[in-house]
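Take a look at the structure below.
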Amino acid sequence: MSAESERKTETIPQWKEEEVDAIAEMLESYESVGVVDITGIPSRQLQDMRRDLHGTAELRVSRNTLLVRALEEVDDGLEELTEYVTGQVGLIGTDSNPFSLYQELEASKTPAPIGAGEVAPNDIVIPEGDTGVDPGPFVGELQSIGADARIQEGSIQVLSDSTVLETGEEVSQDLANVLNELGIEPKEVGLDLRAVYADGVRFEPDELELDVEEYESDIKAAVSGAFNLSVNAEYPTSTTVTTMLQTARGEAKSLALAAAIEDPEVVPDLVSKADAQVRALAAQIDDEEALPEELQE
Amino acid sequence: MEYVYAALILNESGEEINEDNLTDVLDAAGVDVEESRVKALVAALEDVDIEEAVEEAAAAPVAAGGAAGG
Amino acid sequence: MEYVYAALILNESGEEINEDNLTDVLDAAGVDVEESRVKALVAALEDVDIEEAVEEAAAAPVAAGGAAGG
Amino acid sequence: MEYVYAALILNESGEEINEDNLTDVLDAAGVDVEESRVKALVAALEDVDIEEAVEEAAAAPVAAGGAAGG
Amino acid sequence: MEYVYAALILNESGEEINEDNLTDVLDAAGVDVEESRVKALVAALEDVDIEEAVEEAAAAPVAAGGAAGG
Amino acid sequence: MEYVYAALILNESGEEINEDNLTDVLDAAGVDVEESRVKALVAALEDVDIEEAVEEAAAAPVAAGGAAGG
Amino acid sequence: MEYVYAALILNESGEEINEDNLTDVLDAAGVDVEESRVKALVAALEDVDIEEAVEEAAAAPVAAGGAAGG
């Protein structure tokens, strides 16, 4: 690598070389490296995000050419990430695993207003309900962008969820104004992970989504299954032995009841059972004269 | 309920549930037997499947209890 | 269950639930009485309040039904 | 219930449920064995299908689970 | 379940539930005792209050019955 | 339960559930393996259809006693 | 489920549920370990209170059966 670096020193300025080396050094110090989209994030907010990440991940922004060079310089598979370095991006390094990184970045995203000329990252929906806006020309603005709006009960109401722009379409000035008036913030602003590389494997976002609830239910199913196996196979553990004791007792009691065994513990139940039976039989008897007074209606 | 219990004992011993047998059992238990009730019970049980009624009570005593109580 | 039924008849007639009386009732019903079961039952019933056991049975279904509904 | 448990062990080991065997098991467990109870137990179990009676207990857990869930 | 039954007999007789006693009871019942299973049971029971476990089972029936009926 | 989990992993990986394999898995997990518990588990699982035993809900059959008694 | 079982063993042995430990356990069980699944599990478990999930499942192991019955 050093021979190669020296050769590059001749072709690019010293400061660029130093920057590439610094980025490469940073990338090498982490187990996972990702490319994040930072399009539209104001620099001050980017500073905040960088600070919030402190301790779990490090974000590095530079000219894309230098980021690509750094990725190539580290080699080690990271060059697979160069294809994601387009537009406004940064490199992120972390020691947590790619799934955790993705979860964390998703969780840190915040809603933001969308401006005219921007492309909708997802369908933009104006939800059903009272806009809280007094009757006036605004109802016309709503209708003109495609919202199912009407004046009702003294205010402007949206009668049904209205999709006013689909993913990928450009936001018009009118729409931007309406959204702004309604306080709708359709964008999720944050570091948008494009890809991450860890331990020789490249992950894209759709591979990194986790259904935590499903894992939780898997755990419960696993515990229940093990519990069942332990009891059913009669292999006692401290977790299951209580149930096994109760099972054994239940079996003994069932037997004692079925066989009418005169066991002091069971006799009260036998008396109850006899009572239930005599009542059940009495209930089948239509002739009241045949019944004791206590059961006659 | 003693009359009905007497019928249940006869049912288990396999003896016929008739007036004589019921009266014998109740007599032995010191019950002051009323002939008309014995007669009525024998007649009433003629159309009842005792086995079934008793098994139902053992299997679902909740329902049985509910029926009796209602 | 015939032994238990016999005990319950005696309970209703107000006679003492002892070995002799139980044997008499069961004999009258044509049961081939086993002395040991009579003994065991008398012993087991010694500490049992029959009224209470019966009442519990009558009361339980209601509570149980409530639990099921809740 | 110790007498019943003893019967259940014998049932699983495949040994006959008779007075001698029950007494041996209970003795080994330090139980002060009452002969009449052993006799009564043997008599009570004479015509009982133990597997079936025990399986009834095993079939019930659903109800228990329902209670937990309700 | 024979190992568990044996533990429950010992629990009722008041004897300690240890490997020797369990083995004695099972031996007496003609069970071909596996030492490892005895050990595993004793280990599992170490921190368990058998009385409490068994009482819980005894207390539950009303709720359970309700579920069955509901 | 760690021993049971270990058996379940082996069951899924298709490896034999024997003492060596169980010990290896538990060792790898940092468990201080007790030979007797491993042996007992292997013995307990010998004739068990694991798939079935895992799926069959194993609750204390308190309902059986309750249902019959209630 | 083998990955989840592995995590549960580590949870019981008190070892950290990390990629290395999970891989070791699964390797020992002859599982052809997929690194990405291990990673996903570790990440997912960061947001799950395993202790709580385990206790819930163990307290109501019939959950599946219960749902059916309830």
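Note that the chains take the letters A, B, C, D, E, F and G in the order they are written out, and that residue 1 is the start of every chain.
The rule is simple: contacts are C-beta pairs under 8 Å (C-beta built on N, C-alpha and C of every residue); 3 or more make two chains touch, one makes a residue touch a chain.
Model, not experiment: these values are computed from the prediction.
Peer 1: Relative to chain E, which chain has the most distant C-alpha mean position?
Peer 2: A
Peer 1: Using each chain's Cα centroid, which is most distant from the centroid of chain D?
Peer 2: With centres defined by C-alpha atoms, farthest from chain D sits A.
Peer 1: Measuring centre to centre with CA averages, how many angstrom lie between chain B and chain D?
Peer 2: The answer is 29 Å.
Peer 1: Just how far, in Å, is the C-alpha centre of chain B from the one of chain A?
Peer 2: Between these chains, centre-to-centre, one finds 65 Å.
Peer 1: Taking the mean of the C-alpha atoms as each chain's centre, how many Å separate chain F from chain G?
Peer 2: Here the centre of chain G sits 16 Å away from the centre of chain F.
Peer 1: Could you tell me the distance, in whole angstrom, between the mean C-alpha positions of chain D and chain F?
Peer 2: Computed from C-alpha means, the inter-chain centre distance equals 26 Å.
Peer 1: Which positions in chain D touch two or more other chains at once?
Peer 2: Correct list: 1, 5, 8, 37, 40-41, 44, 56-58, 60-68, 70.
Peer 1: Could you tell me which residues belong to chain A and also touch two or more other chains?
Peer 2: As it turns out, chain A has residues touching two or more other chains at 222-223, 225-228, 234-235, 237, 239-240, 242-243, 245-254, 257-258, 260, 262-263, 266, 269-270, 272-279.
Peer 1: Residue numbers of chain F touching chain A in their complex, please.
Peer 2: The contact residues of chain F facing chain A are 1, 3-5, 7-8, 40-41, 44-45, 48, 50, 52-65, 68-70.
Peer 1: Can you name the residues of chain A that touch chain F in the complex?
Peer 2: Residues 222-223, 225-235, 237, 239-240, 242-243, 245-247, 249-251, 253-254, 257-258, 269-270, 272-273, 276 of chain A touch chain F in their complex.
Peer 1: Please give the residue numbers of chain A that touch chain C in the complex, ascending.
Peer 2: 260, 262-264, 266-279
Peer 1: Any idea which chain E residues touch chain F in the complex?
Peer 2: Going by the criterion above, the answer is residues 34-37, 39-40, 43, 56-58, 60-65, 67-68.
Peer 1: Under the touch definition given earlier, write down the residues of chain G that touch chain F in their complex.
Peer 2: 1-2, 5-6, 8-10, 12-15, 21, 24-31, 61-62, 64-66
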